[in-house]
Amino acid sequence: MDYRDLLRRVLEDVESTRGTGRVADYIPLLASVDPRKLGLALATVDGETFGVGDCDEPFSIQSISKVFGLALVLAGDGDRLWERVGREPSGNAFNSLIQLELEKGIPRNPFLNAGALVLTDRLLSLHGDSRAAVRDFLRAEAENPAIDFDAAVAASEAAHGHRNAALAHFMASCGNVLNPVETVLEHYFWQCSLAASCTDLARAGRFLARHGVRANGERLFSRSEAKRMNAVMLTCGTYDAAGEFAYRVGLPGKSGVGGGILAIIPGRCALAVWSPGLDAKGNSVAGVAALDRFTTLTGWSIF
Amino acid sequence: MDYRDLLRRVLEDVESTRGTGRVADYIPLLASVDPRKLGLALATVDGETFGVGDCDEPFSIQSISKVFGLALVLAGDGDRLWERVGREPSGNAFNSLIQLELEKGIPRNPFLNAGALVLTDRLLSLHGDSRAAVRDFLRAEAENPAIDFDAAVAASEAAHGHRNAALAHFMASCGNVLNPVETVLEHYFWQCSLAASCTDLARAGRFLARHGVRANGERLFSRSEAKRMNAVMLTCGTYDAAGEFAYRVGLPGKSGVGGGILAIIPGRCALAVWSPGLDAKGNSVAGVAALDRFTTLTGWSIF
Amino acid sequence: MDYRDLLRRVLEDVESTRGTGRVADYIPLLASVDPRKLGLALATVDGETFGVGDCDEPFSIQSISKVFGLALVLAGDGDRLWERVGREPSGNAFNSLIQLELEKGIPRNPFLNAGALVLTDRLLSLHGDSRAAVRDFLRAEAENPAIDFDAAVAASEAAHGHRNAALAHFMASCGNVLNPVETVLEHYFWQCSLAASCTDLARAGRFLARHGVRANGERLFSRSEAKRMNAVMLTCGTYDAAGEFAYRVGLPGKSGVGGGILAIIPGRCALAVWSPGLDAKGNSVAGVAALDRFTTLTGWSIF
Amino acid sequence: MDYRDLLRRVLEDVESTRGTGRVADYIPLLASVDPRKLGLALATVDGETFGVGDCDEPFSIQSISKVFGLALVLAGDGDRLWERVGREPSGNAFNSLIQLELEKGIPRNPFLNAGALVLTDRLLSLHGDSRAAVRDFLRAEAENPAIDFDAAVAASEAAHGHRNAALAHFMASCGNVLNPVETVLEHYFWQCSLAASCTDLARAGRFLARHGVRANGERLFSRSEAKRMNAVMLTCGTYDAAGEFAYRVGLPGKSGVGGGILAIIPGRCALAVWSPGLDAKGNSVAGVAALDRFTTLTGWSIF
């Protein structure tokens, strides 16, 4: 199979979804992105990369950064992490305080905002500069030292960050945020501001397709740990639409409100798609459609 | 009737409850109060004051300060306040985020922590120094210029204030806190730290028994406004035990976790009781018992 | 004061609200009532009755029947009732299952549908024919032997009773409904179908204004019990608008979706008003307006 | 690989979990099962079956019957089903009314009790005798005409069925149960009472491993439909522990409170395990341990 032809056909087949959905507008910088952007890239476990459309244009990866944060914490802490964060799907919006209060400050999973704040808190304890840790891991896996934060986005997140501040303060009141709340929030906002392209993200996701083996050939964590992280992505990676995503796409995936989605085909490849228009649950409309089309054409769902 | 004899008999009748319940321990300074303290004072609409037990010892009035904050905002804003705060009983704990999120950042009533934070926010806009406004109002009504903040309590509240910070940031994210969150929190903590005695509080509550007429003879707000404020105290003044308090005591009242309760007998008098041991809902065990006994002996429930 | 003139003036003053609101339509028989009906009656503790407008036309009293059921259970069981039902305001809709599940099948108060189903269950155990017990009590207090059920309304309630069946089955699963669920539901629907006029209801409510003394001069329950029942009506009698009702009207009251409201001025009189158009919380628009106007004109709020 | 040796080793490795957990006791017949029972069977897509331990002893399959009900409704209705039931993980207990009320009577997924009641309602409309439809489908796929209901279990379920009655009546009040509630409940209880062995279940699950092809070689539904049904099992099949099950086992699976679990390895085989002791979420302790061990030994997780 010629991967590039395949990817090209996928984009053609979902052309009608391009520009649909609603671009995230909670911060002005995200709202100004061209809604017709659409990129798709694939990186195989063997090291090849293919891309079509706007696959090389960096965008705000937002919550996709949580994948790299989780990987680093699991590599450092292993199963101890699960004492502070659950691994069940939430059934609620990504920034809801309700479940967090009912469950006494233990976030349901690490891909909710609350869960990712705990990851950040833990990365601060493990690495000191948690921002740099995530950025450098992303750079190394994507083999692209140019990947960097977008300071304007980080500042804008901070200026509109009351909801995340509420989550962090609540967890601090429960003893589940240990570093100063302001520091945790700042580092969290910086991580969310990372800008990378589909090509970068597909490459950076290969360690999950390669069952834990990094771009440099070293092992980040065990084969079993990698499978388990894929399981968390499948059940929790797309906000409260994880069931829908599993049903339509059938792959572990993680989305961000910047319109990006990273999906893993274990043993085979990582895929990254980007299109800014979001559905009501916060997932890229054209992005989900493209991944749906991809698995239909190839039959490569994990089910 | 000899009021002092009556108050003395009430305290005798509830002697068995003295020292029961659990002293608030979320900040160390509250936890160190002698649990056997018990004071009771009554101030008539005619200007007489009677007290027994530890009625002249200042204690941390905590949430009772919300009565004075609410009165000042109603005097300034009238019914416009109710666009930002409800006046329904909550059915939930005083610091719960759940209802606040379900109701999009509009607190159910002004006596929940969230509601009082909105009051503070509004007082900041109305008076600049909201702390001084509440303190000076309390001093004037109690006719005691020595009433003041307890800086150590305020600092301790701030150090343990993550839960309130979560409430304030959440409301800010909904546009229902307009001043800087840090300022609102600081002023809120200072107000809660006000120290006053039962005698002070009973006197300070007279304006509600006198249907809006202040200690200096001026009118704070209309007769109708005063009645309505009493209604809010009855339905919302004792956390999620307002129904229980109405059932047992049958008076508008407002409690604080310092163990104080202010109760109003419209047209007749204001009562203040203090005993630090709290029940599971956060109301003074001996305090509720004393008010219950008082209304049973006198028949002066509003029902 | 001439009571009839007073009542007439009240109706004139609220004329603009006549016909506003939305008539209950969950059963066809209620939906067909003329929305412009408006009646008001007052019965003094001394035995006089005054009425204006459609004050003698029977209407479906619906949830107002819960007042008489509660009185009978309190007369029979006293405080033991409170082991099976709470007495706190609910903060939720009258037929919500959410709070009931969170609180393990103990209804928050006896005026919620779930609470009234427990009352019916208990009346079945106490009196056998709970329907007859409530009807006969109402007849005796109203001194009108013609008061009766509306069989067509009862049948219609049963035909649209899935929500109440859900509440009853849930409580049965928690052990808080002891008689057969079908029997409890049937008796509940019959009680709700009772038809009475404003004049009937005002008379029937006198025992609460007279602190427990029935129409025949006998005591139903103690003075203290009567005051406590008024407290429950104030905090819980108007669905999740109890705070609003206390704020505007300032009287213990109980409303029904038929558009009736019974209100008590302790020591003085009982008032009944009827107008079918309801607000969003299920209370009569013109009815609340009339009571609001009445307490404003007379100053007879309990606050 | 010798499958029987593999299965034997799995059971040896989890021997320490045998008899642990708590046997379901909500109906007496389930409570009387020997807690040390442990069986495991595997049926390949090629038609071979292997089993160890108590693999041929029938047990109450309970909620595993929902797999066969869902398959029949999907075969009959396709995607129209999803207008009446969601496919998102629930995050709440299998019999909770809270989410159902918040989401207006649309169950979060077909494996919740509420969801399965909708399946039963739909099967009644599609097949008339929904009980027979599910039983006959199970018989045909297991190639065992002796599979049958346990009338005593069905009667016991009905006698303790108030919670399910509450769910069904609530959905009927929302228009999401169309047949008479009593009929739906009866058929639901009968389906849950089906008794089958691990060998039966493993065989009966092959159509999911064979991407929709039945035991008789006919296609039940499309390849895509089969994959999607596996996705629903993965995200929703083990109550509110779906994330945990995906994390530990990494296979689509469906558990029942009888202690059985059916798991699918797409393209390869179906597995069934049985051990009555349950964990706090209602899943078989030894059963989950055995599947966990199986995927660890073979590496056959879908991730």
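Labels A, B, C and D are assigned to the chains in the order they are written; within every chain, residues are numbered from 1.
By our rule, contacts are C-beta pairs under 8 Å (C-beta built on N, C-alpha and C of every residue); 3 or more make two chains touch, one makes a residue touch a chain.
Here the structure is a predicted model, which is why all the values come from computation and not from measurement.
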Open item on the list: I need the common contact partners of subunit B and subunit D, sorted by label.
Closed with: A, C
Task: Count of contact steps on the shortest path from subunit A to subunit D - done: 1
- [ ] If you tally contacting C-beta pairs, which comes out ahead, B-C or A-B? Let me know.
- [x] B-C
- [ ] Over half of interface residue numbers shared between subunit C and subunit D means same, under half means different, so which is it?
- [x] same
Task: Centroid spacing, where centroids are CA-atom means, of subunit A and subunit C in whole angstrom - done: 55
Task: Geometric centre distance via CA averages, subunit B-subunit A, whole Å - done: 47
TODO: Determine the centre-to-centre distance between subunit B and subunit C, using the mean Cα coordinates as centres, and give it in whole Å.
DONE: 32
Task: Set of subunit C residues in contact with two or more other chains - done: none
Open item on the list: With touch defined as at the start, can you tell me which subunit A residues reach subunit B in the complex?
Closed with: 96-98, 100-102, 162-163, 165-167, 169-170, 172-173, 181
TODO: Give every residue of subunit D touching subunit A within the complex, in rising order.
DONE: 86-92, 99, 108-109, 223-224, 226-228, 230-232, 234-236, 240-244, 246-248, 250, 252, 266, 296, 299, 301-303
